[in-house]
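Two complexes are shown next, each including chain A; its partner changes from chain B in the first to chain C in the second.
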Partner chain A sequence: MSRLRYFARRTAVTAVLIFLVASALFLFFRLMPGDYTSLLIQQGMDPQQIEALRRKWGLAAPLHVQYVRYIVNLLTADVGQSFRYGEPVWDLVAPRILNSFVLVAPAITATYIIGGLFGAIMGRRRGGYLEKSGIITVSAFHSIPDFFLGIILIAVFSSTLGIFPTSGMLSTPTSIMIQDQPYWRRFLLPEFWKHYALPFATVMLYFMQYPALIMRNSVVEVSDQEFLHYHRLKGLPESTLLRKIIRHASLPVVTLYPISLAASISGLVLIEIVFNWPGIGSLLVSSVLARDFPVIQFVFLVAAVWVILGNFLVDLLYGVLDPRVSVSGSDGE
Partner chain B sequence: MSVAERVRAYRDSDFAIIARRTLRNLLSERITRFAFGVLLVVLILGVVGPMIAPYPYNEQQTTASGELMRYEPPSLEHPLGTNDRGEDVLSRLLIGARTTLITGLLAGGLMMTVGLSVGMTAGYVGGKTESLLMRLVDFMYGIPFIPFAIVLITFFGAGFYTTIAILGLVLWRFIARVIRSQVLQIKQRPYIMAARASGASTPWIMRKHILPNIANMAGLFFAMGVGLAILEQAGLSFIGVTDPFTPTWGIMIRNANQAGRVADAWWWSFPPGIMIALTVLSLYLLGRGYEGGGDDEVVV
Partner chain C sequence: MPTDGKRESVDRRRVLQAIGAASAAGLAGCSGSGRQETTTEGGGQETGTAADDGELGERVPTLTFQYWSDQGPPTVLFEETISNIQSVASDLGIQIETQPMTTAQGITAVGDDVRDFHVAVNSHGPDPGRLDPNNLLQSYSIDRAGANGEYNPSNYANAEFSELVDQQATIGVPEERRQVVGEAMSIYSEDMPFVPTIERPTTAALNTDMVQPIEAGGAGLSAVNWSALVESGAQTQSGTDTILANLPGEFLTSSFYPTVGDTDSLGLYTQLTHSPLMLYNSDYERVPVLAEDWEVSDDGTEVTFNLRDATFHNGDPVTAGDVKWTYEFLSEQYHAGNYQWTALPEELTVEAVDDSTARFVTPDPAPTLVTAQLPTFGVLPRDPYVEAGIEENPTDFEDPMIGAGPYRISTYNNQENIALEPHDGNPQFQVETPIVMQIYDSVSAVRRAFENGELSIAVTLTPDAGRQIADSMGDTAQIVNGAAFLPFGMMPQMSFAPGMFREFRQALSYAVDRQGLNETYAFGESEEVTYCTFNSQQHPWYDEQYLTEVGEETRNVEAARQALSDAGWGWDDQGRLHYPPGAELEAWPEGETPNPENF
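Moving on to the complex of A and B:
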């Protein structure tokens, strides 16, 4: 199979996968017992009003009609309105996605750079004290529940030492003050960075394990290869050697980066709750409890598409970065 | 067959030989010996913990004058102090050991069963079956676990065993992936071809030639699965969507955090947090401590 056909096939599979996920999400949420109106009934709302609401939200139509409507709306980029707030889902979710992204993307990126370097050094000091204690340290940070890690950091740096604020993204007076300014302006405030430090540190410590351990394994493998003996015979200093090794060993870490970025969505929920960060995770939890289906469904769709696209990019990257990877296998093995 | 013969037959079976070799490997390292020690302690606590707990876990402790003992720091009567409701923290910790153990073992076992079946079938049978199964695994990887679990729990109710089932039926994905890649390699070995050429059936080859070769890796991934299940269950407890009547370590941390007493009443939240971390770390170290143990896979 030619490379072009492989890419085309992979793209088609990805598109089908996204479509399937969207359908599965629709079915899954409609099969859940009770919709948003059942909460309103509990709150003692008039049945006639509820019937009107159900009609207004399109919940009264048969399932297949709802499904077709849902797919058509998705294709025209209309993701509906929040039951809870009556606002368009997109307006509600977009700033939250941005907030989560602002937290997780730099944190994971920094984790991969620092963790990768640390892993490379561990791999070069094979069997030494640094390697052994390093492996245990990064594993330990991944074994402490991420929410507990956050709690410890808050207890130490906020409650006891009082260096950082305990939660949120901005203090209330500041967020009222800047609400008329463009949204991105808040990310430039020093106050934002103070709120940012602890969640950032939590994400970093928790996710450090992957790049560090994988880089270590990869470096150990590469270190046994012959071209390195040649470089050493040439008399290259260790720092140059390390750079050459890293270039050869970084492929597994590079390909893992998008996957990790995607997978962190799940862990992010807990960290956002602990720090009261106004991101997608805390929105999701509160929406689930309020049965606000349009919001939940869309957040899930975003998360799933994010993961699928991540895997897709990894497959393409593999082909480009490492020409040895054969594209003749059935699934790009 | 007499009992002695059965014992001897078991001792000489492939599995027993592999298990002994793996165990010896693991025990030769100081780190993994430490991990074994911790797990042994947790196991014993899980079995006898509720019996040796000094007080009923939900009994509110009072002083001699009948005053409720809230936020009592550690003392001889209450080695880990008391919490906001005046309950003995040590007793709650000991009760929690059992729920943690049950969660880990059951969910880990479930993950192992599904992951091993899917991974072995995909790896050995190949073809369309493999594509289909691996797309299923990809699909499972697309599920962000914590949000998905919250939705399922609001759907099915927050029972203790419901949570375990959800953990087990979603998190098997990483096991399936690793087992499949391992089986793909083993499949190429000459003795498998020889067995197939001499007419051995697929179930026979899987059981006799493939399973023993992935048994040690499967065991290590079981350890990691148990660790992952404990960690995720603690997370769900912390959010507050698990059964509130089953005392778990995660719920203890949640309560302390909700009461805003993490920093000053440290004896309340730190013991369960440290117990979770130690247990999970030991399980992860066992899973990774053995070199070449599929370390390039991400546990998500």
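Moving on to the complex of A and C:
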């Protein structure tokens, strides 16, 4: 019962947070000087035409009216129309979100699994060659700007070795050829995986530092705890010990996982541009330059919701992973 | 002066140092806006105490050079230009700080007469409609100066010029109009509201293992100008069956041809898929496409087109009825505020004299009809568009994407790619090979894809990227260099000092090293522009006889100082520039509009 109430309370808090973020985004964008119509002045539109467009896009209405419309539209899953493309924002953003998600989620997940295991091994081999070289390697990959890392990989694996293509999700002729097929079918094509390899590797290498180093520190800390001496005295094999250590040491890594997932979305902007990956990052950049407020606003909202839901998920997972994290502590029961 | 790239890259660093120095000076209360204590009359370094005897005016404050930071390759040139001036700032006794702005912010600030910067370093976009001078002449009219929300790039106010601008817009006889435009340009050029630097280069590359080399005119080949490709027949080498090309990110923003989001994309459609009656070729000369020829009446109120045999992509013939419907509809929608760029006269009527003759009639002469609007917008087939609902919902209908261009659109994926198939019903251009164009957001990504064989044509490259491709691919790449029809330059803000003084604008023009810019930005492939004009030498209306030479190819600091000193400016004993004594520092009060009687 208490777990249910905890879940309900966390859900309510999450919903309120999302509402506040949506409202703040609306206010920030409306308080910024100028609007999309100022772009049209360059082309010599007369004031009457500009005013007509402002009315058409609802920019001429008072702020509170715009806000109510905005909230009502959000609740009815209508996130507006792009000024620039003249299309519903959702139609524009949805495939981009999917493309970014397809790149980020597997890459970050793989990073945390591989990086976590690597960190655990480094922690168990404290002072050894593997630990020293491992720390230097993952730190080095993270010290290089992500876009530059991508360029290095392109230079080596595309330009020099000719193994992978430099850009895109598919070759242009292929993407034209399969355009009538369901969107997800492209992810099954071998050509997709060839295009996927380098951006995937870039994200992985860049973010590897977090799980590897945090896991290593955590394992070092856990390894010195008394319960482990007890298990060791019981004569448990090393593999079993490692499993127990990983379970105890993984909490900080799990905490960081959704944060990295969210951070990688912003970090993706440059990676997407380098690899010409048609994701949300490159859309965001072009929309900012074009002052396409409905698109920018919605992309920011998606990113915020992504982080909020990630944290929500972590809160729920904590209770499962570590029984010491009691749900009663949060509601007084 | 040195013009090599090494020197210029050092100068950029100096810009940053100057920003820091200017900020520090500002924090210390040394903004220089007040009257200074030392000066002397005249140029050169001989200076003396001046405040007491009133020989010097106010000290010129730290000058803010604004530039558009979101223009891609041109932004690099804007930064180079500021750096170029900055390298001689101390010789002129000025300090410079930079102010990056988005294009929209910059335009809004000028339109509102917000005096946050002294010089705008940017350019006029080469929109197809600007192949007629009317658009830019109107932009510099006094009616658009000041705080009225209209964009006058320099806040230039000259009543005589503006009268000529109004006059030329209604002269139907081409020769007479050319004369009046020339007179207006003569005033403009003498007043120098625009300080030109170099021609705006265009760079493209063709992989000659995949595509046959092309003959390109002065316009070169670019995302906004595909004329050279269709003129050469768009042929591939054996073994290649499709041309793969890139498009910049801002293209393919709307599938609705008449309503496309910006004028850049228009070039793509007008030249490839939606042929007009005539268009500008790769030498910026008008050539007939769907029209055999045309005749303008003596009073300029009627233009009669004789149509050629042509078919739309759906197989229907192009008739005078389609021409009538297209342009009357586009005009109506423009004036209803729906279509942003067509700019056709409001009282335009088109008569379908017979199936192959169309006559455009306006109550007053509309000279830009045949030089700006008609070459920019293609003819649409009436029936498919009406059936698609364009008349009921002009901005929200299922675009059938049918034109009479040398290519038909076989696939359109918004924001992603477009595939074009040859169409044999175009009377002017016969092309052989399908083209597939993919959006790329970054020039570097385009270069890498081209070098890796993923693209057979790369357009909208920077000159630097073109050079890198030439180095890495040698003879297998044809680098196509051309020039847009509007040059780069600087726009001193003329509503207040120092930009309001011609001698300052003249000094600025002498101080810029055009040859250096050409070398560093365009590797010598561009041209220095020394005559004051907003048109490049490629522009069909470029006419040197009306223009004033306002600068030199290389920098001349002495001439710059002399121009200032001849007008009473001076330098104090620390070499800092001062206005002439008692100089008025505002052309009109901030936030107001200029009174034509005073200009």
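By our rule, the second predicted complex is superposed on the first by the 311 of 333 C-alpha atoms of A that agree within 3 Å, B and C clash if a C-alpha of one lies under 4 Å from a C-alpha of the other, contacts with A are read in each partner's own complex, and residues count from 1 in each chain.
Note that in this section contacts are C-beta pairs under 8 Å (C-beta built on N, C-alpha and C of every residue); 3 or more make two chains touch, one makes a residue touch a chain.
For clarity, every value in this text was computed on a predicted model and none was experimentally measured.
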First (chain B), second (chain C), both or neither touched by A:P165: second
Contacts of A:I154 with chain B and chain C, given as first, second, both or neither: both
Partner chain in contact with A:S282 - chain B first, chain C second, else both or neither: second
First (chain B), second (chain C), both or neither touched by A:P88: neither
Which of chain B and chain C A:I176 touches, first, second, both or neither: second
Which superposed partner A:I273 touches (first chain B, second chain C, both, neither): both
Overlapping contact positions on chain A, where the chain C interface meets the chain B interface: 33, 151, 154, 159, 273-274, 285, 289, 291
Residue numbers on chain A that touch chain C, as the complex places them: 33-34, 38-45, 47-49, 52-53, 56, 84-87, 92, 151, 154, 158-159, 162, 165-168, 171-173, 175-176, 179, 272-276, 278, 282-283, 285-286, 289-291
Chain A residues within the chain B interface of the complex: 17, 20-21, 32-33, 132, 135-136, 139-140, 142-148, 151-152, 154-156, 159-160, 210, 213-214, 217, 252, 256, 259-260, 263, 265-267, 269-270, 273-274, 281, 284-285, 288-289, 291, 296, 299-300, 303-304, 307-308, 311, 330-331
Chain B residues touching chain A - in the complex, by the definition given at the top: 31, 130-131, 134-135, 138-139, 141-148, 150-151, 154-155, 227, 231, 234-235, 238-239, 250, 253, 257, 262-264, 266, 269, 273, 276-278, 280-281, 284-285, 288, 295-296, 298, 300
For the chain C and chain A complex, residues of the former touching the latter: 70, 102-105, 107-108, 111, 125, 127, 135, 138-139, 149-151, 242, 244, 249-250, 253-254, 256, 259, 261, 263, 337, 340-341, 343, 395-396, 411, 413-417, 419, 436-442, 444-445, 448-449, 451-452, 454
